[in-house]
Amino acid sequence: MSTPSEMAETNRLEAFSDGVFAIAITLLVLELHAPELEEGEHLWAGLVNEWPQFAAYLVSFAILGIMWVNHHSMFRQIQRADRGLMFLNLLLLLWVTLLPFPTSLFAEHLKDTSVDGHVAAAVYSTTLTLAAIAFSLIWWYVLRHNLVEHTMSKAQIRMSLVRYSVGTVIYAAAIGVSFVSPRLTLLIVFLLALYYGFEQVRTRGETA
Amino acid sequence: MSTPSEMAETNRLEAFSDGVFAIAITLLVLELHAPELEEGEHLWAGLVNEWPQFAAYLVSFAILGIMWVNHHSMFRQIQRADRGLMFLNLLLLLWVTLLPFPTSLFAEHLKDTSVDGHVAAAVYSTTLTLAAIAFSLIWWYVLRHNLVEHTMSKAQIRMSLVRYSVGTVIYAAAIGVSFVSPRLTLLIVFLLALYYGFEQVRTRGETA
Amino acid sequence: MSTPSEMAETNRLEAFSDGVFAIAITLLVLELHAPELEEGEHLWAGLVNEWPQFAAYLVSFAILGIMWVNHHSMFRQIQRADRGLMFLNLLLLLWVTLLPFPTSLFAEHLKDTSVDGHVAAAVYSTTLTLAAIAFSLIWWYVLRHNLVEHTMSKAQIRMSLVRYSVGTVIYAAAIGVSFVSPRLTLLIVFLLALYYGFEQVRTRGETA
Amino acid sequence: MSTPSEMAETNRLEAFSDGVFAIAITLLVLELHAPELEEGEHLWAGLVNEWPQFAAYLVSFAILGIMWVNHHSMFRQIQRADRGLMFLNLLLLLWVTLLPFPTSLFAEHLKDTSVDGHVAAAVYSTTLTLAAIAFSLIWWYVLRHNLVEHTMSKAQIRMSLVRYSVGTVIYAAAIGVSFVSPRLTLLIVFLLALYYGFEQVRTRGETA
């Protein structure tokens, strides 16, 4: 049973994380700028031409939004927060707050067919991989230190750890794809975010 | 009856949404810049000349503020949040966080009598229409999945859905008006925001 | 007695307001920029030369911080929030979120001895006056609609209203001073903020 | 025993502080910019060249994150908030919100071997020293006004005050180091942040 004082600690950790997620997801808009129109160019054409900005905005919004939903689901199962969990959570938030930077870098270079386009895509997918690793570390940590509120069978624990590892491996694979096609990278990480959104539904059904 | 765990979920969803609304409404100010004065121009004249910035700021502030009030009223009637509701809420927040961008675009082109002025107004009102659709979807979803806390008669349900649809249709009409007069568009969406502010008062009286 | 549902409403109103205050106070830093050094100028001299930026930052931080403390004190005495209170609160938040703009304008023109310096100071103190009026309106509204949690004698009510009016009058006087000396304006609004910080202490003692 | 009303006050103070910490830590990313590539320079080289930006980002993130954790731990022990505590907390938040500015200044001058590099490092470490002093003042104030929830022996009180003073002295020493080596300054404040992260763990064990 968790004492009120311990519950409060988890609540404030969640509130702080919610704040960081909410701010990072809202700051993404600052990377969108009105197109600088060339002589005779129309605004509509300028906006269409800026599609990489909007595509990168949408993908990063979806990723941060779904990460928030999953962070939420994960922490609903966590009963107590100790200092180790706080630091691992800060590690996750480091990549969350950083995301607007690689998003802007990726958007700027999405049409770039030189090696710079590949590098920008790789920086973006590396940031996501590091976030996925941080997520896995948090889950591994809470299982190891018995901070989870309900009891899980050994099979369930193993399966939940495998599930996180698979996501991390796919994000890591997206780093490789960056050197083939930046646009394909963007598509993969978008689909992976959607998958995480739906996949988690089933999980909750199992463990509830 | 909702369990404490389910209540907590709604609370955190509201807290996250509050954060996003609060940040988006505050970030609007970053689109205001000190006027660049021409040789011999006075600051006062420069500021007056910037009226489209202030008008667009005020309208977007009112829209986001009233959307927050209505989001608040809606979620007070919602008892439980499931994953579907979370994703529809994220869809709404997508347009909320995006709003500073079309606001800035609209302000920049409000005096523009070329087709660009019409396009900027249309982008702005399209964003608002998409937000209105997201609001309608949330309400339709919570009714369909019985997530509402109180019982409503069939007539009340039908009326509440009609009310949302009417708002969406007016926003959509504002897209059309954009191609006639951007300034009229700004006026319409401002009046619609005010209407939503007052109209909702009656609704609460009815359903309470 | 306020029902849990009504309490929740006040809580969410406070949480939203806290968010807006916290964001506005933190966004002030975005108006500080590294000095652009002239040939041979040292960083230290450049920073000292930027004192108006730091002075305006400090004053706006103090004003927003103390406004938050007083908002907090005021809402602790408010038992229920209705829609009218929500809109008056939004009016207050309009001036709160706007503040980084006049702060930046004021800082930029604090050394400006032309009429522009007076205009910038007047814009700044007008924003503060409008915020003070919004504060008075909120207090007048909650008294009139019996939203206050404790009973106050007629004398106490009258005195509390006088107190708010006096503050508003002094802020309005600062608009006049703007046309004499911008620096004096900055000093007056800073001292007034400090006064509000300490004055309120006594008030709470009286009404508790 | 603290009354519900007093508890609420502490909660809202913590919520406001959490908001400010969350925003300040997330705004740091706005100081990161895509490198401006010279003719023929590759993006990868440009990013590597920008290492001072990333190093300063990481150190400020770690400092703000750990300050938040410690703020959290400190306030869990505080039972009531009075106006004095609110103002001291605002003083701490002043340096917290300011931090993105010296971070950007430091990053820009980290490779600068002239006196400007030393000045930028000194401005950065002075900001941290002022934050450490504010932290000490808060703790001294809550002890003096009996706002702490549990009883501490005289020896424990003395030790807790010494601990804060030592940290402040080391930060102050970092100001001196700034005039020897800016990079060493960055390393020292990073290590000090990590130390504060781990040191506090033991403390909680003692006083619990």
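The chains carry the letters A, B, C and D, assigned in the order they are written, with residues numbered from 1 in each.
Just so we're on the same page, contacts are C-beta pairs under 8 Å (C-beta built on N, C-alpha and C of every residue); 3 or more make two chains touch, one makes a residue touch a chain.
Fair warning: this is a prediction, and the values are worked out from it, not measured in the lab.
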Chain A turns onto chain D (C-alpha superposition, degrees, nearest 5) by 90
Are the two sides of the chain A and chain B contact the same residues or different ones, given that same means over half of the numbers occur on both copies?
different
CA centroid of chain B to CA centroid of chain C, Å:
26
For chain B paired with chain D, centre-to-centre distance based on mean C-alpha positions, whole Å
37
Chain A touches at least 2 other chains through residues 15, 19, 23, 27, 30
Chain A residues touching chain B in their complex are 14-15, 18-19, 21-23, 25-30, 32, 34, 37, 42-44, 47, 57-58, 61-62, 65-66, 68-69, 72, 76, 197, 200-201, 204
Can you tell me which positions in chain C touch chain B when the two form their complex?
5, 8-9, 12-13, 15-16, 19-20, 23-24, 27, 30, 83, 86-87, 90, 93-94, 97-101, 104-105, 108-109, 115-116, 119-120, 123
